[in-house]
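Two complexes follow with chain A in common, the first pairing it with chain B and the second with chain C.
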Partner chain A sequence: MNELKPMSEDVPASHERRRFIGAAAATAAGLAIAPGVILVEVAHGRSEDQAASSAVRWGMLVDATKCATGCNDCVTACSTENGWTPVGESAHPKQAPQWIRKLELQDPLTQMETNLPMMCQHCAEPPCVDVCPTGASFKRADGIVLVNRHTCIGCRYCMMACPYKARSLVHESLNDTQKADVPRGIGCVESCTFCVQKVDRGDGNTACAEACTAAGHNALLFGDMNDPESEISRRLRELPTKQVRADLNLNLGVRYHGI
Partner chain B sequence: MKRILALGAVVLTTAALAWAGADAPPKAGGAPKPAITKAVKGEQCVEDTDYMRRNHMKVLDHHRDQAVIEGIRTKKHSLKECINCHASETTGSVAAAKDDFCVSCHSYAAVKIDCFDCHSTKPQGSAAMHPLNAETAHYKHKLAAQATSRVSAEEMAGVAQ
Partner chain C sequence: MASITFREVEGSSLKYWLLFGGLGLFVLFGALAWNHMHHYGHVVTGMDNQIVWGLPHVFAVFLIVAASGALNVASIASVFNKPMYKPLAPLSAILSLALMLGGLLVLVLDLGRSDRLIVAMTHFNFKSMFTWNVFLYSGFFGLVGVYLWTMLDRNVKTYSKAAGTAAFIWRLVLTTGTGSLFGFLIARELYGTAMLAPMFIIMSFAYGLAIYLMVLAAAYAWTGRTLGDAVMMRLKTLLVVFVAAVLYFVVVHHMTNLYFTKYHAVEAFILRDGGMFTTLFWVGQIVIGCVAPLVILLSGLGKQRMWIMIACALVVLGGVAQMYVTIIGAQAYPLDMFPGLIEKSSFFDGEVHSYTPSVPELFLGLGGVAIALLVTVFAIKVLRLLPASLDDATVAKLEH
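And then the complex of A and B:
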C-alpha cells in the first residue's frame, strides 16, 4: 500500500506537468506566430542588409480592359527608369532592347481590339532558368526572375526558351549611358526586373505601374501575391484573370484580366 | 669577304647599342607611378587604405553576389558608393580619363577593369547621364527629384571647394 501511495500522488503531479507543458507549448506557438508576422512585415519594407524573402512573391495584375489604345506611358517609364533606348529611337530597331512592349490584338472574327503590355512574366518555374548553362538566369527568393550579368555569357538560350519573347541581348557597347542603379552592358541578356532596384529601395511599386496610375488608367497593379491582405491579392480574388500560355504550367507572376 | 662584312656588322651593332645605352640609361623607377587623387567626398574610406588597395576586388565581388542574388544592398561595400566618393572633379567619373581614380592604378598594374562595361562610372544624377528627349520630357520632375536626393558631380565639386 505504501508503495502504491507515491504512485497515487504521482498521477495528479503528472497531470499538473502535462498542463504546464501544454501552457508552455501554447506560449511558444504564440511567439512563433509573432515573429512570423514580423517577418512578413519586414519583407515588404525590408532593411537594406536583409535578403529578399520567399515569404513575398511579387506579381502584377494587368487589367487589359483599362489599358488605353495608343498609350505608351508604361514603356516610356520603363526605359526612363532603367536607361534602355526605346525601339523608336534606336539606331538598330531590330536589335533594340524591349523590357516591356505594348501589344494591340484584334480578334479576326469579331474585330474586337485588346491592348496590353507584355514583359517578363516572372514565372515560378522559369524556362529561362532551366536552360541557362552558367546559372546566370535565376529566380530570386521573392519571385523576381533576373539575369546575373556577372555570369551571363550572352549565349541567348534563355531568349529562345522564353515563351513570351521577353528577353533581349545588348549588342553594342553602351558607352557609359547606364543608370547608376541599373547596370547593363554589351554581351548580356536582359529583361524586365520588376524594377528590382525600386523594390529593394522599399518603393513597393514599379515604374510602369506608377506611370499607368499617373496617367489615370490604373491598368497595372503591382504587389505581393503571397499577402492575402494586399491590393493585388484582393483584386485577383475578385476578378477573373488569365495567365498567358497557361497550358505551359509556369505559374506566372503577371496575370491578365480581360483577355 | 662575307665573313669580314658580318664581323663589321656585329662590331657596328655593338657600338651602336653601347652608344644608345650611354645616352639613355634604363629608368630606375620603371613606369610612371599612378596619380592617386584623394576622394572628393568623405574623409576616410570604409576600410583601411592598405587593405582596400590589396583587397577591394574581393570586397566588391562579395558584395555584388549578395546584392544581385540575395538582394542585400548595403551601402558600405557597394561599387556605387565607391563611385560617389571617388569620381573625379574634372570628369565627374572614376574611369573616363586616364588620371581618374580606378583607371589610374589599373593601367599602371595593367589589369583590365570589366566593371564599367556595365556599371556607370558616374554618380547618379550627374547631368551627363540619360539626357531627356521629347518622349521622356514629362518625367523631368522625376529626374529632378532624383538629382536632389543623390549626390551629383556639381554638388561634389561644391563640397571640395
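And then the complex of A and C:
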C-alpha cells in the first residue's frame, strides 16, 4: 500500500529537493520580470521525492447559486475516485465514512433554499491538526490537510474538533473497493484530500470539480489561490464569497459564493 | 503525636477471594469486550461518525477525574498539615493510582487503533491537549508512586511533604488538562470554555472523595476493623462542601450560556428538549448527583453511616450522569455551521444524534472500574496501607 508522505516543510530535503529549491530560489529572483512563471511551474505535477511547495495554496470555490438541487455527481465522483462506499450502499449508514456530502439549507423565515457540497475546508489553521496527539493530522505546505494513515491511532479527537463535521472514522474492515493510491484503513480517521493523488499527478483538478463541470453546472472550481493568474483567483476577486464559520478565523481553503 | 499502626489486610477469607474473583471476572469481560471491538472495529459499538466518543469515554474520563480527586485526602494530610488525615493518606494514594490506571486503560483500549499505542508514546504534537495529558498521566503515576513510597518507607519519610506537595500541584494541573480536553474544542457550543477546567477540578474533589469514602468504609467493615465516627463525619463535611461547589459551577456555566442568544438552542436542548439527556441532566446530574446527597448529608440522615454511603453512591451515579451529558450530550446536538438556517444532508447534519451504547462498550467501561478496584483490593493485602484501627480515641490522639 502506498504511504501518504507528510510533505510538510520540515521534512529533511533530499538531494533533488535541495536542487529544486535552489532552482526555485534562482527563478524567484526573476519573478519581478516574469510574474507568475514560477507559480505555474510548481503547480504542475511533481515527482515523489519533491516536497509540496508553499508557493501554492490549493483551494476551491463553490458557487452555491449554480449547485443543482438533487444533483449528487460530486459525491459520486469522490466516492469512485477515492474508493469509499456510497452511504446508500452501506449496511451501517451512520458509521459509513462520507468525504463529501450535499448539504441542503433552508431559511425558516424566508423559505429560501440553498444547496452546496460540504467537505474538509482545508483550513490554514486547522483545529484537527492542533488537537491530533501524534501529528497524524497534518497540513501540507500547499495547504492540503491530510491524515497520515500510518500514525493515526483512531482517537477521534480531530472529529471532535472539526467545526465542519468533515471527518469520518473507518468503523469496519474495508472491502475491495480500495484504490492503490488512496490508503485507507479500519480504525483510522479520514476526510477529503482535495484528491491529493490527482494533484500530485499534475491533474490540477479534483474528481468532484471535474464531475460538476461534466454535468454542466460549473459550481466547483479548483485551483491555486496563490497564483493571481489562476482562474480560481480571478473568480474569487470578482465574486463575493464567504467562509463557513468565518467567526472562527480559520482561513479556509474552500470559499462559498451564494450563501 | 500518637503513632498509628498500619497493617495489611489478611485477605485469606472466602469473602476476600470472592470479591477478588468477582472483580477479576469483570476485568476478563472487559478484556473480551476490547478484543471484540478491536477485531470487528467500532462498527460493533453504538458509536458512529456523529457520536464519536461514547460510553467508554464516559467511564474513562470519570475514572481519571475521580483518580485525581481520590488523592485529596492524602494532600490534606501532607500539604495542609492536618494530622487527622495522615492515617488515611496511603489508601488515598493507592486508590488514585488504581483509578487512574482503570481510566487510562479504558481510554486507550477504545482507540480505533489500540494496537498503535506505541505511536502515541513516540509521536508528539505539543499543541494537542491529548499529548499534554500523556505526560500529565505518566507524571502522575511517577509522582504519586514516589509519594506513596515516602509514606510507606521510614527511610524516606522526610520527603513525604515535598512529594505530597508536588503530587498535589501535579494533580491540579492534570485535572486542568482533562477539563481542557473539552475546553479547548472550538467546534461545539457546550465546550470551548475555560470554565471546564476549574469545574472538572471541583468535580474531581467530589467524585474522588465519594469513592474514597465508600472504599474506606467497605475495607473497614469487611475486615472487622474499627472506623470511628470522627473520621466519617469529618470526611462527610468535606463532601458537602465539594458537592455544593460542583452545583455552583454547573449553575454558573449554564446561566452564562443562557445569557448568550447563540447558545439558547443548545441550552434548550440540554435543559428542556433533549429527551434522555435532559432527564440525565436534571434527574441524574442535579437531583441524584447534587441535591439528594446534600439533603442527606446536611439533614439528620447524615449522621447515620448507611445514609452517608448512600449519599456517596448518589454522588458517583450523578458523576457518571454528568460525564454522559457533558461528553455525549454535547455531541448529540448537531454542529451549527450555518446559524439560523435549517440543515439537512445524508451525513445527518442538522439532526439530533441518537446513541445507544452497545454491550461491549459497557463491559469495557466496567472493566476499567473493576481493574481499579482489583488493584486496590490486592494492594491493601500486600502493602501496609490501612491503619489497624481508626477508632475515635486513636484519631483524637492524632490531633494533639
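Following the convention adopted for this analysis, the second predicted complex is superposed on the first by the 210 of 259 C-alpha atoms of A that agree within 3 Å, B and C clash if a C-alpha of one lies under 4 Å from a C-alpha of the other, contacts with A are read in each partner's own complex, and residues count from 1 in each chain.
As a working rule, a residue touches a chain if its C-beta (ideal position, glycine included) is under 8 Å from a C-beta of that chain, and two chains touch if they have at least 3 such contacts.
Since this is a predicted model, take the numbers as computed values, not measurements.
In the superposition on chain A, contact of A:R149 is made with chain B only, not with chain C. When the two structures are aligned on the shared chain, A:R237 is found in touch with neither chain B nor chain C. Shared-chain residue A:S173: touches chain B and chain C both. Of the two partner chains placed by superposition, only chain C is touched by A:P97; chain B is not. Touch counts on chain A: comparing chain C and chain B, the chain ahead is C. When the two complexes are overlaid on their common chain A, residue A:C132 makes contact with chain C while staying clear of chain B.
In the superposition on chain A, A:C188 contacts both chain B and chain C. Overlaid on A, the two complexes show chain B and chain C touching the same residues of chain A, namely 88, 173, 186-188. Of all the residues in chain A, the ones that touch chain B in their complex are 48-52, 76-77, 79-80, 83, 86, 88-89, 138, 140-142, 146, 148-150, 173-174, 176-181, 183-188, 196, 200. Residues 64-66, 68-75, 80, 83, 93, 96, 116-125, 129-130, 133, 135-136, 139, 142-143, 150 of chain B touch chain A in their complex.
Residues 40-43, 47-50, 52-53, 111-114, 116-117, 119-120, 123-125, 127-131, 134, 181, 184-188, 331, 335, 337-338, 340-349 of chain C touch chain A in their complex. The residues of chain A lying in touch with chain C in their complex are 75, 87-88, 92-98, 101-108, 114, 118, 127, 129-136, 151-157, 159-165, 167-173, 186-189, 244-245, 248, 259.
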